[in-house]
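What follows is chain A paired twice: with chain B in the first complex and chain C in the second.
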Partner chain A sequence: MNGYLGSRALVRPIIVFAGLLAGWQAIVWASGVPPYILPGPAAVVAAFRKGADLIAQNAGTTIVEIVAGFAIGAAVGAVSALAMSYLRPARRWLLPVLVVSQAVPVFALAPVLTLWLGYGLESKIAMAVLIIYFPVTAAFYDGLRRTEPGWMDLAHVMNASRWAELRHIRLPAALPALGSGLRVAAAVAPIGAVVGEWVGSSAGLGYLMLHANARVQTDLMFAALFVLAIIGCVFYFTVDSAVRRLVPWQAESHPEEEFR
Partner chain B sequence: MTSPAASVASPSPPPGVSVRDARLSYGDTLLFDGLALDLAPGRWTCLLGPSGVGKTTLLRLIAGLEQGADGQATCGDGLPAHGRVAYMAQQDLLLPWLTLRENLVLGSRLRGDRTRETEARADGLLQEIGLGDSGSLFPRACSGGMRQRAALARTLMDRRPIVLMDEPFSALDAITRLQLQDVAARLLADCTVLLVTHDPLEALRLGHDIVVMTGRPATLGAPIRPPASPPRPADDPTLIGEHARLLGELARAGEESARR
Partner chain C sequence: MKKIMLSLAACLWLGNALPAAAADKKTVLLDWFVNPDHGPLFVALERGYFREAGLDVEFKGPADPNDPPKLVAAGKADLAISYQPQLHMQADRDLPLVRVATLVATPLNSLVVLKDGPVKQIGDLKGRTVGFSVGGFEDAMLGAMLEKHGLSLKDVKLVNVNFSLSPALVSGKVDAVIGAYRNFELNQLDILKKPGRAFYVEEEGVPAYDELIVVANRKDIAKPQIAAFVGALERGVQFLVNHPDESWSLFIKERKELNDELNKRAWRDTLPRFALRPAALDRKRYEAFAAFLKKQGLIEKTPALETFAVELE
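The block that comes next holds the complex of A and B.
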């Protein structure tokens, strides 16, 4: 029940991480790769110390993009799913849009978004919203459609209004599905933000990485990459544990098994 | 049964129910046509028959849940059955995000008519059904027997004069099943009850009238009226003889439909 916060579950990733670091250092030593191609862990730590302020500042920008993109994308997705399951016109008009939005490679829209919304936060948030919207909408819509028919029978026999049925049965019954949509969204939100930054920006970890890359500051690039990875992990596990608290009746599964 | 909270008697005597011209077909297969069934007021009618014969459809027709079948279900007093029916299925249909007690008051929640009297009645029924200490448990923490008890209590909550039960005890072990049959017979003594079952012993223990439904298209046999009033003890010799006879009848009907 403790999940990844249990002590034994925490030990294993630490060992794996230490092993990876050791392997990395071994490769650097053994191959003699120049540091501008592959800096060793020690060089990256040094670059992190030296550029801590710079990294922190840019990390702040990226975090704002991820969180805002996630919040807006999840909210718009949830409302779309509700509209689609309750309003026939919304279903007719939105469902094709939803399918097409997945057929179009969303990343290809990044230059357009930058052109329209500028180099600031807005274009990155829009990018994150675009890639979050689909998993949230699809999962929640699916959950709303697949209410246990027996529960609907009960509600009907008990003379429930449509609104009461939604509030007390269909909505809570769809929360586990919404939860899995939010988990996927949490995993892809950083991708949206960083891709947006790569296409055109003046701040953010993606921007810092491009900038460092162009100046052959590979150690700084790696330091930024690590911070980005940590932000992604922390964000995912925060959303994951919030979802668990939201739907405690959902069958417990081991976190390792969720990465299928 | 003197406590007012646990009394299930409805203010007026329960109406009888008549089903006429019931018809159901899937594609070219006619399951039944022109079927007529009468539920005597204030008595238990057990509808017995092999699986797939259409018993559940007939029950759902009365509950107003069946879209695929035709037929009229009218009450003896000329008023519609909708709003006066309680429904219990083979699955407990407890909502996993609510405690047993909150599941009991689901009907009031859905209709928005929850009062202090509702609360008192829920507590009284939990006591009555042997779940006095378990009201705050979630369904996932309960045994199958406890869950089905809670489902029975929920069926009694709304004081509906007509109670429709679709194999409510078939998923339980033999001992729990006998106990719950006794509890149900006691608490639903004043209701017009339709119990659908494929267990002849259950029908013989609980039914004032036992109607056997067999064949394709299905027909209803003349009601069997065992002596003594339900719940009859499972070791009653006349019951055992009748049990053997009914089993034979059902087995023959099963063979006939298999031959066709």
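The block that comes next holds the complex of A and C.
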């Protein structure tokens, strides 16, 4: 096992990335599309250099929103899943909430949330929490329900208490599922933060993009979008590697590698 | 025999007239969903002025008010309703756009506070929160207004409230909003029983400008259809100011959803603001506004006026 941060694995994304950039520049050159519709990578790099401070400052705000939203959303989601699997009333009452939290489009809810929570960090974090809550809870709850029956029988035979059963069997068995939920959550968390910034804010990458769009600074907008994508990727891979490290008992394999 | 000749002549005449009647299809992008600011356009449409000018005009509302000029610049639409301040910024960034007519000849933008709130004058804004809907130049406008009262942008906290100007103000999340339309938000607040007080930007240090203009792509401005459109628009505004009530009926004829108290009031308040000579261009005013934007740091160069605003021949 080389780990996906091995040198070869690092080179590949860079090649893919360079290829995408070249393709993008080629499209800009070939089609002659004006820069206010689609700026080329060179223009975006220039905008990035010119506005580095501005972008960094706003990126900081967005990162705080994403991380805080993720932490709170994951914690609330994990607790909800535990409550739902152990308490019948919680299951009955929380399940509809869980579904509604996902069925209501955040974009529709965002303006109301900002009116309630103000235009500061709180409303963005709330939006991220709302978006993260569902994947975490749903995945962890599924994990908790699907403990291997043989292990549970073993626990019964050994007269394990409910706590011991949770601590030693259900929880470890469900953590890989929680890990999957957290990975999805990490990937969607930026959406919550940016939607929040879109409807009401005074800082953040979403705010910067809105501004740049209104001022026909398409290059700056792309630069901000690009930084947002990088933040999203870094956040995802950080969560992914943390999950692998925390749940080492989860064996991993890919179909093509199985019969070597 | 005479009859036959007559009907033959009629046929010939019809035959000649038909191709001309197959009107030219033109897509006009509105700056915003249909509202009383667009009065003259829809009066002209309902009165058939565009059709008589040989145009088959279709109006479309955008998802984002910043899109229409870009789409016209990219050749995806024929005309767009946009804003003069934005036009200056677009010209600065080399978008091939040219103003060909004015729809609303005064600013509509204003700084609005609640009448019974703590802000009685602009100077009271020190240390307070001001909401705005990102149009790209609200901070410049507010900066000029504050400057007149011995404050600067550093003395207030600016918050983007997107399209929730009135809700943000009424809920007390912000102390003032910039970018509120005097003909619209003031009435909205009044209907909510939270009357507002407006500070008019052109009275508080911002040079007067045209709130709504019609822009075309530079490569199209010599086309006779553009002049025909502006001519029909002028007939529309003439009818509207002469027959405001009948015009209101025409306006809501195909748009029943607009028939409410807010739009009725906005209609009345918008009447005196329409450009009575839509084609006319006030060069001095445009130049003064460009100088203002340059001073505020929103544009870098001041392109020659005739490259982005013309009076059609």
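Here are some notes:
Rule of thumb we're sticking to: the second predicted complex is superposed on the first by the 251 of 260 C-alpha atoms of A that agree within 3 Å, B and C clash if a C-alpha of one lies under 4 Å from a C-alpha of the other, contacts with A are read in each partner's own complex, and residues count from 1 in each chain.
Just so it is clear, a residue touches a chain if its C-beta (ideal position, glycine included) is under 8 Å from a C-beta of that chain, and two chains touch if they have at least 3 such contacts.
Keep in mind that this is a model prediction, so the values were computed, not measured.
Under the clash rule set out above, the superposition-derived model of chain A with chain B and chain C shows the two partners fitting side by side.
In the superposed model, A:G23 lies in contact with neither chain B nor chain C.
By the touch criterion stated above, A:P13 is placed in contact with neither chain B nor chain C.
By the document's definition of touching, of the two partners only chain B reaches A:H168; chain C does not. Of the two partner chains placed by superposition, only chain B is touched by A:A160; chain C is not. By the touch criterion stated above, A:V199 is placed in contact with chain C alone, chain B being left untouched. Looking at the shared chain after the overlay, A:P111 reaches chain C, while chain B stays out of its contact range. Once you line the two complexes up on chain A, you'll see the smallest CA to CA distance from chain B to chain C is 50 Å. The residues of chain C lying in touch with chain A in their complex are 64, 66, 70, 73-74, 86, 89-90, 93-95, 129, 131, 134-137, 157-164, 167-168, 171, 173-174, 298. If you check the complex, the residues on chain A that touch chain B are 148, 150-151, 153-161, 164-165, 168-169, 172-173, 175, 247, 249. Residues of chain B that touch chain A in their complex: 60, 63-65, 82-83, 85-87, 89, 91, 93, 95-97, 106-107, 109-112, 138, 140, 158.
If you check the complex, the residues on chain A that touch chain C are 34, 36-37, 111, 114-115, 118-119, 197-202, 207, 210-211, 213-217.
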